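Labels run A, B, C, D and E following the written order; every chain starts at residue 1.
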Amino acid sequence: MIASHLPALQVVVPLLGAPFCFLLWRSPRLSWLLATLISWLTFAISIALLVTVNNSGTIEYAFGGWQAPWGIEYVVDQLNAFVLLIVSGIAAVVFPYSWISVQQEVELRQQSLFFTSMVLCLAGLLGITIAGDAFNLFVLLEISSLSTYTMISMGRDRRALTASFQYLIMGTIGATFIIIGVGILFMLTGSLNMQDLAQRIPELDQSRALHVAFGFLITGIGLKLAMFPLHLWLPNAYAYAPSAASAFIASTATKVAVYVMVRYLFSIFGVNFSFQTIHIQWLFVPVSLFAILFTSIVALFQRDIKRMLAYSSVAQIGYMLLGIGLFNVTGLTATLLHLFNHALMKGALFLAMGAVCYRIGNTFIDSMQGLGKQMPWTMAAFVIGGLSIVGVPLTTGFISKWVLIQAAVERGWWPVIIVIVVASLIAMMYIWRVIEAVYLQSRPENAKNVSEAPLSLLIPVWILALANLYFGANATLSSELAGNAAATLFSGTGF
Amino acid sequence: MFATATIALLVIMCLALVRAFRGPKIFDRILAVNMFGTKTVLLIAVYGFLTGRPEFLDLGIFYALINFVGVIAALKFIERLEFYDEREER
Amino acid sequence: MDVVTDLISWIFLGLGIFLGLTGAFGLLRFPDFYTRVHAASISDTLCTACFIFGLAFQSGFNLVTAKLFIILILLWLTGPAASHALVRAAHTAGLKPITENSD
Amino acid sequence: MDSFFNEVISGALGRYNYWVVIFLMMSGFYVVIGSTNLVKKIVGLNIFQTSVFILYISIGKINGGTAPIVWANAERYSNPLPHVLILTAIVVGVATTALGLSLIMRIKHAYNTVEEDEILAISLEEDEDE
Amino acid sequence: MELLVNISLLFMLSLTVIAVVRLKSLFAIVMLFGIYSLLSAMIFIALDAVDVAFTEAAVGAGISTVLMLATLVTTGRWEKKSSRSSFLPLLIVSITGAALVWGTLDMPEYGNPDNPAHHHVADRYIEQSPEEIGIPNMVTSVLASYRGFDTLGEVIVVFTALIGVLSLLQVRTPPSVAETPLRNENRKLSRPYPVLQVVALVMMPFIILFALYVQFHGDFGPGGGFQAGVIFAVAFILYTLTYGLDDALALTPVSVLKALAAGGVLIYGGTGVVSMLLGGNFLDYNVLSSNPVSGQHIGIIVIELGVGITVASVLICAFYAFMTRALPDQGQKG
């Protein structure tokens, strides 16, 4: 009986767990324990969902028992089962980690609120991923956004407040653009259900109103996923948020937004409309190439490593959009693979930075000098994550870049390959800066000596670092999942 | 009959709106908003009769309430503003 | 019968419209805040009553009339209270009325 | 020629509502991105969203329809679905507003200003100091 | 006639928005936003959306305006002249607006009964919901049953906002009995409005009665849990404004409000879980009773109650937090 309710439970468990977390406000430890339990439970559910989808195909779940276009429906297919797994998997690693980190970085009064926000954010992100209804997606998007603003604002630096405010403004503009787009779609078709929309849109492909709706949706989602010129909120938000929050948001939120983009482009508007009527690739390819180069260079000049990683995230989002823009199955596979791989590497890097922050109080490159000897395990994990960003063979980063290059070769777009290679070199430079400071320089005399991070921080960091290595060496599982999903999307039978 | 009343109310609302734009003092604006609110309540009532479905008067009751609370809140918070400030409001 | 109630409604609504417009013009044309309050609040109270009575004659005795009178009572309660508070706040804030000598 | 004008007029009558709403939306949007005061930005955001709500409700309006609550004399009802969506959206809007305003209060406390330019200047200085 | 009302309301809205763009006095801007919200609520009535009008007035002219005013107390009420050029924003806005206007040329005509938006999903709501759900207000049917999960999401959004507000702003703990002398001292300094206090006290019970009416009458007319929750909150806001925060806190302690906020969400979610346990899908009210229609009835009443409880307690709590910041020294009466 439970099996048939899995899609609902995936979201309902964290959604209803959050009030309980909140009710435990007197004891942050209990709310953290509950949050961790919830994250593991959702991870288990998402594994079960993935297995079911692979065995028996797409699952649909009608809320309230009302059939699809009338009621709200959840649809799990290969694509979003994969994304669900990423989100809940990262949550299952970050939530246990958060206790110690939050102890140090967040005021006691706010701690249980922080854990509640994390659970709400998880619920929202999972909901966005699984929703089969365009408006329900907006509601869940707002749940995740509001809780994200809250988490960011809890950072110790006062700039966390302004970062959160900036994100609030831009995020709300994005969300409003999305509802304008959905409104126009509703006006033209009379439906909000994604599958239903997908069936009705091809008849309308010459309608100017549909083109406008497309523009608004892409801009709105673009704001949420920090598509290049709209990325201004991201670096500050990631840099000043508490470490646990940065790690969680950086490795899940933008991924989910990329998923929504893919869903809209391929499943709802359809390949023909997005790529042959509108030619969205001519927007995505130049923008993402520029983004990759530009933000990688900006990352070179950051003193705060969290900020550097944030800029690198914008560049990585560029890779994902590039994969979409290449407009072939391999390109889309690269995007989806990178979704997964980037979650692993950014998760590992941000968690390692959280461990550093726990010991030395900040993440500036000059206060990390010589840390390699004092925190060997943390820094080793950082190096693995860094190599993965660069795309060194045997790490996950290599796999997705390799597939991306293959896709470019299929298209015959050599300049794209050059940009990827150059950007990888720049990435090597900014990672090298850290490695140099950490390993080759000695600890300054006046710097306080620190010891290795506690095990409860180290274990989650290493889980993700090892995952980087494992999925780098043996990518059959992840590429199979991504490849299947990409092929389904391209065949036009998405959902 | 109701049409005339509706038009008259709309005119009155426009006039109150002008006062709300012009100020010049905060209190003038609050006064205008208050008048605007009461006229909205009446408009709801009249419009209900105009369209033949007057049962939505609950809305009118609620607007009257909200309007009052809004004005009180404005006054309450004004006490705290540095408003011996003699600047004319733009 | 209908003609009589219509006529009464007309008279009330007409009076209400007249009072409302007077108040609005006073609000717009009077020279300072205190005179404007005077114009707006006094005419408002009777204007509301006229409108409500006018409408009540149209609806007959039912739930709608009851609601109309609830609105009337509410506006009668809140309107003067708000005006009072407004003037008081303005006075404590040091807003001076225009007198013959000023200017 | 005549038929062309007729078409233009009927087209305009069928769309004036959208056009005004677009004007309102864009004014609100302009206040959000054009002003530097944080409170004004939030007001602009609210105006922007409220105008989008009017757009939705305009989509749901049917000429000659009445409010979608069963009524014996009704010929037809307006579309209830946009109403439901907007009820939800309004609530989401107020939640965002409350959060944004409390952020502003904290920002004022931390920076002693709510002008974006000044905050930016202070932040830049801080970045250099580090 | 409806056209005339519609056009003049749109005209007034445009005027208001132009004034908002041009004014520098934040206080005036917030007051005008209150007007804007009332006007748009009026338009919603003219466009047959009575439930939306109810909510918009409650939220825009009520809660948002009050919260904005409270913010202004701490931030000051003048916008500084900015040196930044307004060219880029103007450009972005013009492009966006032009795109939208271009899009309207292919949009279905306003108000046309044959528009696609009215003929796919909406038909069933209008034709069958009175039988399937058994309540006359179709908006409530769709809100609470067909799209019940959206509404659960909405309640969670409100709850999330509470988390955010509480983490950013702390609600003051009311002074204990030992501090009472100090309190009396303060009381002399304040300026009480006895007239308002009496009016507020007279109104309180009626407002709460009205809230209950809106809560339980939502199936038949405009209203429902959300609107009732706001009205309930407005009653306490009025009380706080006239009697001071400490008295209000004594009446409704924050810990109780927090528990109620979470409780409301759990009532809503619990209904869904119960329907799951009884063999239906999440939020399938049909299984709550032997007869589907009465099951729907029970479900809707219970979830509306959850919505009302959460909304009321969240708004009251958020307002207290804002008051604590805005009027830090004013715990006393007045």
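By definition in this document, a residue touches a chain if its C-beta (ideal position, glycine included) is under 8 Å from a C-beta of that chain, and two chains touch if they have at least 3 such contacts.
Worth saying up front: this structure is predicted, and the values here are computed from it rather than measured.
Touching chain A and chain E at once are the following chains: D.
The chain with its CA mean position farthest from that of chain C is A.
Pairs B-C and B-D differ in how many C-beta pairs touch across them, and the larger number is found at B-C. Set against the Cα centre of chain B, the chain with the most distant centre is A.
Work out the mean CA point of chain A and of chain B, and you get 47 Å between them. If each chain is reduced to the centroid of its CA atoms, chain A and chain C end up 58 Å from each other. If you average the CA atoms of chain D and of chain E, the two centres end up 15 Å from each other.
One finds 19 Å separating the Cα centroids of chain B and chain E. Residues of chain D in contact with two or more other chains: 25, 29, 33, 38, 59, 66-67, 81-82, 85, 88, 92, 95-96, 99, 103-104, 106. In chain E, the residues that reach two or more other chains under the touch definition are 50, 70, 72, 76, 100, 104-105, 107, 115, 117-118, 121-122, 125, 147, 150, 153-154, 157, 160-161, 164, 168, 191, 196, 203, 221-222, 326. In chain C, 78, 81, 85, 92 are the positions where the chain touches two or more neighbouring chains simultaneously.
Remark: the chains found to touch one another pair up as A-D, A-E, B-C, B-D, B-E, C-E, D-E.
The residues of chain A lying in touch with chain E in their complex are 1, 5, 8, 12, 15-16, 18-20, 22-23, 25, 61-66, 69-72, 109-110, 113-114, 116-117, 120, 123, 127, 135-136, 139-140, 142-143, 146-147, 149-150, 153-154, 180, 184, 186-192, 196, 207-213, 215.
Residues of chain C touching chain B in their complex: 6, 9-10, 13, 16-17, 20-21, 23-25, 27-28, 33, 36-37, 40, 44, 47-48, 51-52, 54-55, 58-59, 63-64, 67-68, 70-71, 74-75, 78-79, 81-83, 85-86, 89-90, 92-95. Residues 51-53, 56 of chain B are the ones touching chain D in the complex.
Interface of chain D with chain A (complex): residues 25, 29, 32-33, 38, 41, 45, 48-49, 52, 55-56, 59, 81-82, 85, 88-89, 92, 95-96, 99-100, 103-104, 106-107, 110-111, 119, 123, 126, 130.
Residues 135, 138-139, 142, 146, 149-150, 153, 158-159, 161-162, 164-165, 168-169, 172-173, 175-176, 179-180, 183, 186-187, 192, 303-304, 364 of chain A are the ones that touch chain D when the two sit in their complex.
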